[in-house]
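Below are two complexes that have chain A in common, paired first with chain B and then with chain C.
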Partner chain A sequence: MTETSQGSGGSAPRTPPEGREADGPDGRLVSLAKRVPVGKGPGGPRPPAGAGAAAVRGPGEIRHLGLAAALVLLAGVGLATQPENFATSGNVVAILVLAATIGVITVGQTFVIIGGGIDLSVGSVMALASVWATTVATQSYGPAVMALCAILVGTGTGVVSGLLISYGRLVPFIATLAMLVAARGLAQRMSDRKTQLIRPENDALVALSTTRVLGLPLVVYIFAAVAFAGWLLLNRTTFGRRTFAVGGNPEAARLAGIDVRRHTLALYALSGFCCGIAAIIIMARTTTGSSTHGDLYELDAIAAVIIGGTLLTGGRGTVVGSILGVLIFTLITNLFILNGLQTSDQLIAKGAIIVAAVLLQRRGLRSPT
Partner chain B sequence: MREQSPRQQGPRPSRRNLLLGGAAIAAGGLAAACTSNTDDGDSGTKPQAGTLAGDNDKAGKQVTIGFSAPAADHGWIAAIAKNAEEQAKKYSDVTFKPVEPTNDINQQISAVESLIQAKVDVLVILPNDGEQLNQVGRKAMDAGVPVVNLDRVFPDHLSYRTWVGGDNYGMGVSAGHYIGKKLKDKGVADPVIVEIQGIATLPLTQDRSKGFADALKSYGFDVTAKQDAKFTVESGNQVASNLLQAHKKIDAIWNHDDDQGVGVLAAIKQSGRDEFFMVGGAGSANAMREIKAGGVLEATVTYSPTMAASAIKLGRLIAQGKGMADLVELQVPQSITLASETITKDNVDRYMPLGFES
Partner chain C sequence: MGSPETEPLLLMRGIVKQFPGVRALDGVDLDVRPGEVHCLLGQNGAGKSTLIKVLAGAHQPDEGEIVFAGEPVRLAGPNAAMRAGIATIYQELDLVDGLSVAENIFLGHEKSTLGFTRRGDAERAARELLGRLGHAEIPARREVGRLPAAGKQVVSMARALSHEARLLVMDEPSAALAHDEVGNLFRIIRELTAAGVAVIYISHRLAEIREIGDRVTVLKDGRAVAVGLPARTTSTDEIVSLMTGRDVEYVFPERPEPVAEEDRPEVLRVEHLTLPGSFEDVSLSVRAGEIVGLAGLVGSGRSEILETVYGARRPARGRVLIDGRPVRPGDTGAAVRRGMGMAPEERKSQALLMNETVAGNVTVAGLSRYASFGWLDRRRETADVRRQIEALDIRPPDPARPVVTLSGGNQQKVVLARWLLGSAGLRLLILDEPTRGVDVGARAELYAVIRELAGRGIGVLLVSSEVPEVLGLADRVLVVREGRIVHTGDARALDEATVLNMIMEGSAL
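And then the complex of A and B:
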């Protein structure tokens, strides 16, 4: 696990406390250049990308600092405009709870995008999982089975998308677009387009959002646990390094002995799994399962991943950045409503932030470190 | 077999793969068992249509009623179709002829055309879009088939015989009066009144908000803050969570739609706040249960899908050449706007049978 940065390409490697982020001012090119030769090597089972990813890490931290600065700036706006309402514990909890659903989905999306794919189906898969878990039949088995059902349905749809992409050789955009439409349709059919309430006897599930430990609702802990597990998986395991390798250069990864197709399948299954967990959170938050849940979540999740510094073409990215991206978006919504502004202005602001973030990243790529 | 060409056969499934496969199949079976959504209990949608009593309801001339509505994209539209069918079934002299519900304008036009071809005696149409279905309504009228236009109005008066529908402005007025009167009686000066809208760009949302503001003005009150949601549970929850943080003390909330209200109520519950009261909109069965149970939701103002049952009744009368018994005129009126009624704990039991599962 303790690889040192071999092949010090391009940038002066810093040693961030966080370990190896696959970012760099020239991260993608450098890592590609490094990966190919490694891939041509003896092709041992050890994935080659970890080294490349580890070599160029410093600027990832800078980007995180930039995102954190943006958060601080937004918080400053909040403090200036709504001094009594913004910095209350109630408001902070509200922001974290609202970020939980989309945050969990974004963790899965980060893996898929780093792995060179995209998952457009996340919102409707979450809706399907929430509906499936709240049918009359599922509810009769109690809250534990409902939660299990949501996770199974999420993972299952992820596996289907993954199979279509990896073994069916469909383009990820198309396969998950098909899943987006189909999962929403199935959710509508199953629920008869009605809102399915969680029955009083299954209130243990709703308690996830009402029970507080140390002042925070349990759903926030679920969010934190998923984010931490995602960070571990991406940065501290072979699975994570393979993800960078597959996304950076699938051919090199294949030559290096990675089963690219199986890994791709696993990435979509992971994204589906996250959607299942998000479904549990949304059920707890709204006390319902509904085919209208998760509307346009795919765009929110992708936007958060992108402003978090993950490359849309794959091979580079961080979980921490994505989480900061989610928090920024949630904070914006909160600020707008606190100040009584309408949704339309909020959408304009979000669009501007996406553009600004990507422009800044391009700048960061060019400037030497 | 395997010994002959082990390479081509691929690797033999390992024990791990077998276990994984088995687990996947078992999980699939478990999940499939969970799709059933029929309830043995009594929470299914009950027939909501009106009763048969007066002279007009006695069997008369045999008539065929054609019916076309959008495909159900939420509980309200589903209730429209169900109410129309239930009402038609109650008459022995009515043949009910519904066409496949659709959200496609072209399909609805050709569906209505097929009903004209079939020479039905009267048409009941809830158009996907009044403007775009106007032509086919006109065509039916020209062919001598009277049209009962349900809720979404055709712009051209020649395109329908009778219009029956709800009153969005009136919903706002009813909610405004309930909140205004209650706060006035309590003697609250300068109250914090919060409004959670549906989709803000829709004319119906703007009508509701205008009615609400106008009614509140008659008590000398204003809407403190309004924010739009999307008629969905999730958006209601999100907007309400944030609004509750924006206003540390609230006196009253009007939420435009009972379905998104489920999310609003969940947010209120999570925040642990109860210093205010809330009024809903539409009149879903769930909202009525909440009102009956007592709590933050004290009232809801109706926009009831029972209007479909009324439209069937009116269509039948038109086809049989009868008028409405309580009016002096010998024919059915040209336009009927339903009142938006206020349901509170006092009268909720009477309205419960009309509530729809959203």
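And then the complex of A and C:
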């Protein structure tokens, strides 16, 4: 009975006339299935929003405009307070490079959260990957193997977390919390808590952050490529669609014949893979591998995903929103540094933004679009 | 009336409750005397649940009056009902598993001083209540989650007593109990009624009603068709005939001319399927183009049978064959690949992705059809969804509309459309309560759709709580009782009363 009430009640604002008729409790007993739908001719119902291929994913991208507006607003603040420092190409590049590491991690985190989970281990997995890739042994094989090593370590730890969650039935929070602690510890043991420098013969890796194409370092292109690939994966592939299904209603997904456990495993592996790429970026940026890299990145990544409008309970979210969330965070950090303000105030501002973003989005959801 | 003996404790007159598309209660009258066990009978959808929700304060009636203990009352919420002295024990016991017995009994009205709970007092009071119920052996400190079903029920009753309830409403209390535990339940009920507490007892088991009940009220289509019949002497035939022949006329599509069995290949064959605790040794078959209906009570094992055939549960014994070849048990993915599709009982929690659009819901089970190396061809996907929307007349005909905004009937069509995408591939459609939450007008449409699908050669296996629906829609009917198939027959050779009798009387033991 509640179903009926929700169905007809919720549809009221946007329902075209013939839809209203369908919902109405008019008790018709004729078989309507064979009836020719009313208003099919020219001048009938309005063409559905986003007709064609775009019709598959619902609206809701409007909230991205809000995030973009926030970004513009922050940039305006930057221009007003630091007119000669903010808009320099050097500063813009600094912002993008800063955003690249956390941004790549956030893409993976977005998938995990849409799929109904959470990955707390991202920061320390990245640290572990950077340490493993910069050991004396790994470095002896050259930069390509180092990069491959970082990706394999990241993906491997993701698979371990994923196995614990999907087949070991651990709660994601607990499994990845355990991985957060253990991966950091392993990174410390491997590096003996020392910062491992990238040796000069492997400078090709460092070149990722020093070589510029069209004025931007290569790591920014890596970030852009990961973000684009993430968007494609989420919106254009069966994997992405199933991620929404698994996160939105795991029972329904299972009954629709989707292997929910295997999919969950793949999601954590994907998050680990992104951590591996992030490790490459941070190695290039800092020329080191260290067990202290990526401290508290998990919180920034989760916050960016939430700001971007992804439901923490899963089933809804976008990569674009998460990227905008990362950029907003990075821009705030940049503004505070440029203006010589304390990091403590910066943290307070970030906290306020998380709350404000979620409150605004909830309002946006309630009003009919 | 007049004498204090028969002065009713509860008097309900002309209660009306309207839901969108359904008049759930259409002027119900009910009177309950102190110290009696008053039984409520009626088929699913007759209005029993709505009526007890009105009594529990969970629903507000649109019309009518309620007089309790001689005074008109308005039960504005669950708390108001409890304060008035009406306690309800729901079918799914509403206990918190992680709390102790004593904490559950006093949940919401804890014994406390300045916000600090007085655990000693609560436990003492709990022990006293449990003792009154003849179950002093249940430890007041035990976690409720570790009690068996019967123990939980006793705790529920103790909770009701802790409110000094004068009227106890029990919704199918015996459904979760073994037979010896039912005897104990009856002993408690007798002690309560001897102390002047009145009980409204809802059950489908006629034998129980004869044993414990004093009077019976029969509901049909939201109206009381018989009030205060003597529970022990009214004949089963009379009760069944009161419950059947509902006013609502369903329009069922015409059955096609029967086809010789050998012309129709067997799509599904189930052999000796067993899931301990749910059903035993179930064998059945469905031929191409045939609609097979399972009739049975809630808890008879009918839904579990469907879910096990579909691979959502793993059977202990037996096997499921599609087109003569066994299907891997306990694997819904394998079931889907072999051509099964299911519309589960709980549409919202088991079938629909409520965040998604109509299109997203339709294609979720067959995405690989539109993919090459994981890449989705969304143009083809949307085109297919549009075709299904048109074929099933889903309204409004908009693939991008969020599925939450559709009516129940249209949501059900979305679930059906999911399995029709690769129409050539679908062999067997499993429907669990396909018309639940669907209003009367839209039902006829769904029936027509289901029949048409069968006409295309798809086998249909369906469950419904509504006997007329099974009889009207199915070609062959299997009656399920307590986990066993007790009767198989041609739907045309059966009538509602016969089936209802088999469903209910058998469970009486």
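Structure notes:
Keep in mind that, in the parts below, the second predicted complex is superposed on the first by the 310 of 369 C-alpha atoms of A that agree within 3 Å, B and C clash if a C-alpha of one lies under 4 Å from a C-alpha of the other, contacts with A are read in each partner's own complex, and residues count from 1 in each chain.
Definition applied: contacts are C-beta pairs under 8 Å (C-beta built on N, C-alpha and C of every residue); 3 or more make two chains touch, one makes a residue touch a chain.
Since the model is a prediction, treat every value here as computed from it, not as a measurement.
In the superposition on chain A, contact of A:Ala80 is made with neither chain B nor chain C. By the touch criterion stated above, A:Gly315 is placed in contact with chain C alone, chain B being left untouched. When the two structures are aligned on the shared chain, A:Arg254 is found in touch with chain C, with no touch to chain B. When the two complexes are overlaid on their common chain A, residue A:Leu214 makes contact with neither chain B nor chain C. In the superposition on chain A, contact of A:Leu152 is made with chain B only, not with chain C. In the superposition on chain A, A:Arg241 makes contact with chain C only, while chain B stays out of contact range. Of all residues in chain B, only 24, 27-28, 30-31, 33-39, 72-75, 78, 200, 225-228, 230-239, 241-248, 259, 262-263, 265-267, 269-271, 286, 357-358 touch chain A in the complex they form.
Within the complex formed with chain A, the chain C residues making contact are 19-22, 24, 50, 249-251, 253, 310, 312, 332-333, 335-337, 342, 344, 347-357, 359-360, 363-365, 367-368, 370-371, 374-376, 378-379, 381-382, 385, 390, 392-393, 395-402, 404-408, 410-411, 418, 437-442, 444-445, 447-449, 452. Within the complex, the chain A residues that touch chain C are 1-11, 14-16, 18-19, 21-35, 37, 45, 48-50, 52-59, 236-239, 241-242, 244-245, 248-249, 251-259, 311, 315-316. Contacts from chain A toward chain B in the complex involve residues 82, 84-85, 88, 90-91, 94, 97-98, 132-133, 135-138, 141, 145, 149, 152-153, 156, 159, 188, 190-195, 197, 206, 209-210, 217, 282, 285-288, 290, 292-295, 333-334, 337-340, 342-344.
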